[in-house]
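Listed after this line are the structures, all set down as structure tokens.
Both of the next two complexes hold chain A, though its partner changes from chain B to chain C.
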Partner chain A sequence: MQASRARLFKEYKEVQREKTADPDIQLVCDDSNIFKWTALIKGPSETPFEGGVFQLAFAVPEQYPLQPPQVRFLTKIFHPNVHFKTGEICLDILKNAWSPAWTLQSVCRAIIALMAHPEPDSPLNCDSGNLLRSGDTRGYQSMARMYTRLAAMPKKG
Partner chain B sequence: MQNQEGCDGGGGGATSCEFEDWGSFGDEAIIQQKSEISDEAQKIPFVADKEPISALAAEYQSGSPILLEKIKILGEQYAAIRRTRGDGNCFFRSFMFSYLEHILNSQDQAEVDRIKAKVEECRKTLQSLGYTDFTFEDFFALFLEQLDSVLQGSESSISHDELIIRSRDQSISDYVVMFFRFVTTGEIRKRSEFFEPFVMGLSNGTVEQFCKSAVEPMGEESDHVHITALSDALGVPIRVVYLDRSSCDTGGVSVNHHDFIPTTSDLPNSISGSTQSIQPYITLLYRPGHYDILYPK
Partner chain C sequence: MMGDHGNSEDEYVYVSDDDDDISGVDDCDDDYEADDYDDNRDEFQAVDVSIVTGPSSKVITKESLLAAQREDLVRIMDLLSVKEHHARALLIHYSWDVEKVLAVLVEHGNDELFAAAGVKVVEHDDGPSSLQFSSTVSCNICYDDVSATEVTTMDCSHCFCNDCWTNHFIVKINEGQSRSITCMAHKCGAICDEAKIRCLVGARDSDLAEKFDRFLLESYIEDNKRVKWCPSVPHCGNAIRIEVDELCEVECACGLQFCFGCSSEAHSPCSCLMWKLWSKKCQDESMTANWITVHTKPCPSCHKPVEKNGGCNLVRCICKRTFCWHCGGQTHDFYGCGRYKDKDVEMDTQSAKRDLERYMHYYNRYKAHTDSFKLERKMKKTMHNKINKLYESDTSSKDFSWITNGLNRLFRSRRILSYSYPFAFYMFGNQLFKEDRKKKKQRYEEEEEGEEGEKKKKRQKYEEEKKKNKQLEDDMKKERTIKQDLFEDQQQQFEANVEKLSMYLEEKFESYSEDKFKDWKMRTIALSVTTDNLGRNLYEFIETDLLGCFKDADHKIAPYKSKGVEKASEHHSSLGI
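And then the complex of A and B:
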């Protein structure tokens, strides 16, 4: 508990210091609980998520950093490896390939990379995965783009 | 980094018994089996009590005669075994306990000074590879703390019993294991050209991918590559004694061992060129998939 708190505090300071280093990621710690974080990440360019801003919720366990943070999308997203209802993310570094060498910040980068490179063979969202697996890239992109517009972009007017 | 297999939400009905249909092994069944395996492993503490070699023989009572023969030979050379938990960290955990116990018994200040210099090199290696300090410094600090405390004569000194207690305390034991994983990954990546052919024999990816997926994560089992890298990085020789069912045709069973001798030139008592004289003080017993600690007579 003490160790995880100390580590998170270091990450907090790093985030404050490097605020401008990665303009695609904005990590914010909860005011009253250092084990709760949220992040805003920009959808990577040349993907159906371009132009969208996606919110992630982090729940950090007491065993952190020996155990990974739990991360899910709060913003609705149509992606093969993200559960459409719960926002749960299927990514190895959040499960068995986790190591303390990762940070909350680098986890955000990994999630952005996953957005750009979906893995349709292990889908959490089967509809999305099936479109890609059947070669219907256009179908996948237009669905993903539609949800980006509906859920991840500021409402106009 | 990659997206992992087996996340597919639905899964099949885990209760149906049609073995032809592999789809019926759903996530729940897999998770249950995994937790059964880890329950089994947790019956043994991270580092168990010393047992006579005869305890090993009892385990194989009705097993292979080759193994029983080999255990008899082991018993001639070794006095005791100390088991470690089979949680994928057994090599690192065995090394941790064995090394700290050696320092506790020998009170070898020169060795402590030597390894501290090595640890500093490892720190620099990780920095030069681009690891952020705060991701590894806590693990380094905790190891150095244990190292200081096994040396007697200071306020923080600990007894052998306390060393065992700490080795069983997850918040210390796992941190030291993780320290060794950082050291190992640093060494492999620093000398990636040397390690590449060995890594290719174990995985399909690059050296970096191997380190990310098979060295750094807790619970990933160790192979020759890990042992070589850790031994080289810290300059600590390690003997691994193999207990498996292999035997030679010429009759006569023997127990093989392999000595991992650090390639670095700054070993104490090492005359350049002759590695023969180095006697490892860390001896591990390898049985396929697992490492325990051995105590010579």
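And then the complex of A and C:
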């Protein structure tokens, strides 16, 4: 408990100091609870998520960093490895490939990488996975782009 | 044998066709080392050896576990000249199969062998630590600067502070992953040095360090294909190691007999699958069983029930096997699993009723024999008393081991008989072997097509094919009926003999006159031999004619042993520890 608090506090300071280091990621700690974080990440360029801003919710366990944080998308996203309703993410480093050397910041980076390189073979969103697996890249991209427009971009006017 | 109570001609008759009953004598001799059959003994032992080659199973007690494990460790340490913790990591990764380790070594070489098991062998001494003695090191986990004396470097040369290491180990041990605690660094699969783990964890929580040691030790049993815990309840603390790579039934030092394949009671001639299905069918469904069926799925690799704790349908078992939650398939090939497969189930009430009747037929007989077995077990004590009485009375012979042998034969045969009913239930039923029968049919068809394939392709006569199909089905049905008849005949014969033996042994022989007693002895011994032969024939028939046709199916049964289930011998370390 103490160890996780200390580590999170250090990560917090690191985030404050290098706020401008990675413009794609904006990590914010909850005012009253250091175990709750949110992040805003930008959709990577040359993907259907480009131009969108996605919100992530982090729930950090007390045994962090020995156990991985639980992360989910708050913004709706059409992606094979993200549950369409709950926003749950299927990513190996958040499950059995977790290493205590990861930080919240690097988890965000991994999620951005996942957005650019989906794994259609272990889908949480089967519709999305099936589109990709059947080779319908165009169908997948237009669906993903539509949801990015609908959910992850500021409404015009 | 037993040449001194006269009438040697009669006795010679059964000696000649009775190699087995005599070798059976050997295992229940307390004070039975009579000289009078010594001259025959060698010959019989020779027969014995040809049947069973040496003790094929050993009991590993809590005390000998360490020594047994060390044997394998030392072999690997000597052969590969590695340290103990490396040898252990290798053996754990390869399920304690020394041959497998060596095979991988020969095929892929040292580097690949070590890499696969997460073993990093480094030559560096503890030199660098003295170099950094005065400086501080920044730990990449807690981001604290700690003095160089407070950090630990593993074989993979990753260095973190002792506090972080300890926390990591405690989490892993509590998660039940003591056997393969890997380094904390990202993508580093190196197994941590057990001595360092022990030292660090022990400093904070000595109970947990002990637990860690126990887990490491028990890995020898739990990850090892040739070693299994004795399934006794309450647990006797023993494990059994088999020396041969085949299905068998063993008896633990605690007296429990069990099947090494599935750890349930010894059930041959039923195969493990048959027995599992049967006991499940007979057992009332308890709440726990219900919960397990609803919430878990068996891992296709280790068969432990797995509960899903996340959304992802690609589930990873603790044995590291990933499988699809929907279909239980081993690979993550989701393509086929969503397709609806039409199972032609015809569940009209008529067939359900017939099925039930069929089941009750077999169940009643199975139950009757199991009950008889329980009653006959009680005879053991009364028989013992009777034999003691015979000792006291002055008969010419003091050798009554054949009575105990006959009794043991009865116990074994009775069990075989009771298990032969569930065997028949599945063997001649429609539940199992469906796929195999289909395959067999295909094989027939292919064979025939090969013979006149050319002609057939030209003609393409649909009608004829249909007719042929029907005939083929009829033929197979006929074959099945013939086999079932044969099996049932043998079973009935065996059963009749078992009942007769039971009757003989229940006779009040202690009050017989000398002549009558001699007659009773002759009858009992002869019957015991016949029963043994019939039992062996039954097994042979099952193995070759019934199960032998379905080579693809994994129905194997433990071989027939006329001495009964083999008692595992004590493990004696060859290292002398």
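Going forward, the second predicted complex is superposed on the first by the 157 of 157 C-alpha atoms of A that agree within 3 Å, B and C clash if a C-alpha of one lies under 4 Å from a C-alpha of the other, contacts with A are read in each partner's own complex, and residues count from 1 in each chain.
Convention: a residue touches a chain if its C-beta (ideal position, glycine included) is under 8 Å from a C-beta of that chain, and two chains touch if they have at least 3 such contacts.
Worth saying up front: this structure is predicted, and the values here are computed from it rather than measured.
Because the two structures share chain A, they can be overlaid on it, and in that overlay chain B clashes with chain C. Looking at the shared chain after the overlay, A:Tyr12 reaches neither chain B nor chain C.
In the superposition on chain A, contact of A:Asp121 is made with both chain B and chain C.
Look at A:His83: by the touch rule set out above, it reaches both chain B and chain C.
In the superposed pair of complexes, A:Phe35 makes contact with neither chain B nor chain C. After overlaying the two complexes on the shared chain, residue contacts for A:Asn96 are found with chain B and with chain C alike. Once the two complexes are overlaid on the shared chain, A:Ala113 sits against chain B while remaining clear of chain C. Look at A:Leu66: by the touch rule set out above, it reaches both chain B and chain C. Note: residues 3, 6-7, 10-11, 14, 65-66, 83, 90, 95-97, 99-102, 121-124, 126 of chain A belong to the chain B contact set and to the chain C contact set alike, using the contact criterion stated above.
Chain contact summary for the complex, chain A toward chain B: residues 3, 6-7, 10-11, 14, 65-66, 81, 83, 90-93, 95-103, 110, 113-114, 118-119, 121-124, 126. Every residue of chain C that touches chain A in the complex is listed here, in rising order: 140-144, 163-164, 167-168, 171, 184-188, 310-314, 316, 332, 334-335, 338. Contact residues of chain B toward chain A in the complex are 1-10, 131-132, 134-136, 138-139, 171, 174-175, 178, 181-182, 185, 212-213, 216-219.
In the complex of the two chains, the chain A residues touching chain C come out as 3, 6-7, 10-11, 14, 63, 65-67, 83, 86, 88, 90, 95-97, 99-102, 121-124, 126, 129, 133.
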